[in-house]
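Labels A, B and C are assigned to the chains in the order they are written; within every chain, residues are numbered from 1.
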Amino acid sequence: MTRSTVALLILIACVAALPLFGGAYALRLGTIACMYAVFALSWNIVGGFAGYPSFSTAAFFGLGAYATGILMNKGIPLAAAVGVSLLFCLLLAVILGAVLLRLRGHYFAIASLSLVEVFRELVNNATDLTGGGMGLNIPLVSGSSVLSDATFFFYAMWGLLLVTALTVIAVSVSKLGFGLNCIRQNETAASMVGLNATLYKAIAFGLSACFVGAAGGLYAAWVHYIDPSDVFDILYSVKPIVMALMGGLGSPLGVVCGAFLYLGLEELVWRNYIQIHSGVLGVLIILLLLFLPHGLVSLHVGRIWRGLTGRKAKHA
Amino acid sequence: MLAIQVLINALVLGCLYACIAIGFSLVWGVLNVINLIHGSFIVLGAYLAWGAYQWAGISPWYALMIAAPSFFILGYLLQRLLLNRVITAPVLVTLTLTFGLDLILNNAMIYYFKADYRKLILSPPTGSVSIFDVIVPVDRLIATGSALALTFLLYLLLRRSKVGRAIVAVRLDRDAAVLMGVDVKSIYAIAFGLGAALAGCAGVLMALIFPISPLTSSAYLGKAFVVCVLGGLGSVSGALAGGILLALVEGIGSVYLGPAHAVTLSFVLLIVFLIVRPQGLLGRKGFE
Amino acid sequence: MPEPGHEILHLSNVSRHFSGLKALSDVSLSVSKGEVVGLIGPNGAGKTTLVNTICGVTPASSGVIRFDGRDITRVKTYQSARIGLSRTFQIVQPFAEFSALDNVAAAALFSQPGESLTSAREAAREHLAFVGLDAQADQSAATLTLAMRKRLELAKALAMKPKLLFLDEVNAGLNSAEVERATRLIHQLAANGITIVMIEHLMKVVLNVCTRIAVLHNGQLIADGAPRDIIKDPAVVDAYLGQQYAQRNAARG
């Protein structure tokens, strides 16, 4: 195990101790922190390892939220509903990935962005199943008090983060991770040495979608009410990219640090500039891109950078 | 009868869609940047038309003449000061940067104008005419005519002017253009300025027809995406073809599937086109 | 493994168009086990396209390609790599961020079923040693010299345990000492029983190494035979040096 893997696991373990320190606010923040870290780690599989700039996080987040919400309304328990949502997102993303990841650069970015629109409109129009624009109420998970409910969802989201992190670590040292790395650097050469790039990319896209879908499911059950414009918010697609850029593309430890840092900034902005929070977020994004383009973990990011740049130049 | 109605509406709307998309297409083609602030530029243009009419009694036709230069300067400066610094960075960076800019502009508009919908109402009203027994509002026809005129103006500019030829040269082969002595950075800024000016003017025209709200910016951006991909990137005729095709698909989709599904249909079409025919209907190299 | 002399590659009437442009027309060619075939022709004759077509990068528009007894006309690139077809690129295609070792390991890992990352790295060391890059194993591919990157390409191709190896201009851009070294390597490969088809501009190397020469001109195979016969073939001389030269030569007798 490398040093950064150990550091990542220690960091995640520390997060688990959060309920010891706090009331409802700390728990809420902690749950969102875990959710963001799941987003960032998931995005990193396809965006960081394979080098495909995906904007589809919101699509699978919303899909997972609605899948879980609908199942729970049919009386299926939370754990099973989230599990089904995870598998559903995995399968759907593998199939979509096999098709969409034939596109590169801007074209892939736009196609993945469009997925969010398509899913949102589909959910919006399937009024019988989803309640359409009116939103969907989700039955409460029986908890004895508000606080124990909050603790439950915190640990559920934390557990999901742990599973995601372990999966990403496993991928990064496996043949799959090695192959995705090859694809990012030179896809032509990768298929020339016998790598089935379509299969690898589809699996990567599936893995990057399934945990996000599960997070959506937990989120839906946590907040009890979802509507399409909330869970299919394009910001959910952009945030993980900002987190990854903050922390350092490609490094699991980096993107998780980026997620936590991002949440900290977001909270700060929300509390102080509620009216103009998205504008302040915009300013932050621009400052980050201009002055810290290589993220916090910029140790070997320079090379990744060149890899991405080379890819772009080729398909410009 | 229904067919004629759908067709005429599609032609009228299609030209407007082309006008929405053309600046976006220019920036994408020449700078290789997906300009996510494009939708908010259009809305800002619409507010400009609304404000000029409401507060100063300036008619939208004159508002066009205010919008074009002021948006050009805005775009030119944004490109010079910000985008040029990351123009060689990967897709991810330029895309995220324009997203950040969009957040700022959109938030500013919500802050000043609030999110509710406004409408520019001309007095006296322009009425409507009947074409092949299809009733079309005159303001809509005028907007369409102006959109076509703007599009043609861009075509002439790219075709006939020295700056236009330089823009096309950069689009075709950036490195060769550098060798021929073209100052690429300033061409980028001019192209981005033109893109912004076209967005602003499109916004003025939209104000004549559609309600105005910062919340509509993503819908405009979505249309621009779809039109560019359907018609083919970086050509004036492609944008027209894409605009009309999109309007037709939406029109036919509304008739058979209901208006709610028109947007879904257009995005599904976008994804299918991306995969099957990424160069679009009239796609080719070069922006003309 | 087929016996020497057994046919390993067979092309019948292979054509490839690029939107109207005919890059290959009706190429028929047969390569037997153990041969070293030189593929020559002027620039733009279609040599690299032919290799790309065989490897599945740009599939044939028409015609049939058989390799080792099976039809591979419609086989995808990564599949052709797994059945024993490997190649080097005229413009080297390394994984720039990887070390030389991982570059070769990638080739071993993805072309051989059941190979693990560890075993692939072990195999990679041997192949690096064979091409004389063992000292640079941990250096990133981007920092290697051109000659080294060319040898890295070769090591990658070898790690795929090829039955048939395509060498696309392995000597382009190398100095004479480096060319000599590369030529020795090719001899060694041939001695190890690997069938080789090489695209090469240096006639010295072709005549030194190849057992047979095939000549492409404007996408057509205009000659195919023993090296001594090929260099006297008027059609070949004509393609290379132009009609006038050929006529003058003929007049002089």
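Just so we're on the same page, a contact is a pair of C-beta atoms (placed from the backbone, for glycine too) under 8 Å apart; a residue touches a chain by one contact, two chains touch by 3 or more.
Every value quoted in this text rests on a predicted model; they were computed, and no experiment measured them.
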item	value
Greatest separation from chain A - chain, by CA centre	C
Inter-chain pair with the most contacting C-beta pairs	A-B
Chain whose Cα centroid lies nearest the overall Cα centroid	A
Euclidean distance of C-alpha centroids - chain A vs chain B, Å	31
Distance between chain centroids, defined by C-alpha means - chain B, chain C (Å)	50
Cα-centroid distance, chain A relative to chain C, in whole angstrom	44
Parts of chain A lying in touch with chain C, wherever the complex brings them together	174-175, 178-179, 181-182, 185-186, 188-197, 303-304, 306-307, 310
Residues of chain C touching chain A in the complex	55, 57, 76-79, 81-82, 86-87, 89, 93-98, 102, 106-107, 109-112, 116-117, 140, 156, 159-160
For the chain A and chain B complex, residues of the former touching the latter	47, 53, 99-100, 102-103, 105-107, 109-111, 113-115, 117-118, 121-122, 124-125, 234, 238, 241-242, 245, 275-279, 281-286, 289-290, 293, 305, 308-309, 311-312, 316
Chain A partner contacts - residues on chain B that touch it in the complex	28, 32, 34, 82, 85-86, 88-93, 95-97, 99-104, 106-108, 111, 218, 222, 225, 229, 260-261, 263-264, 267-268, 270-271, 274-275, 278
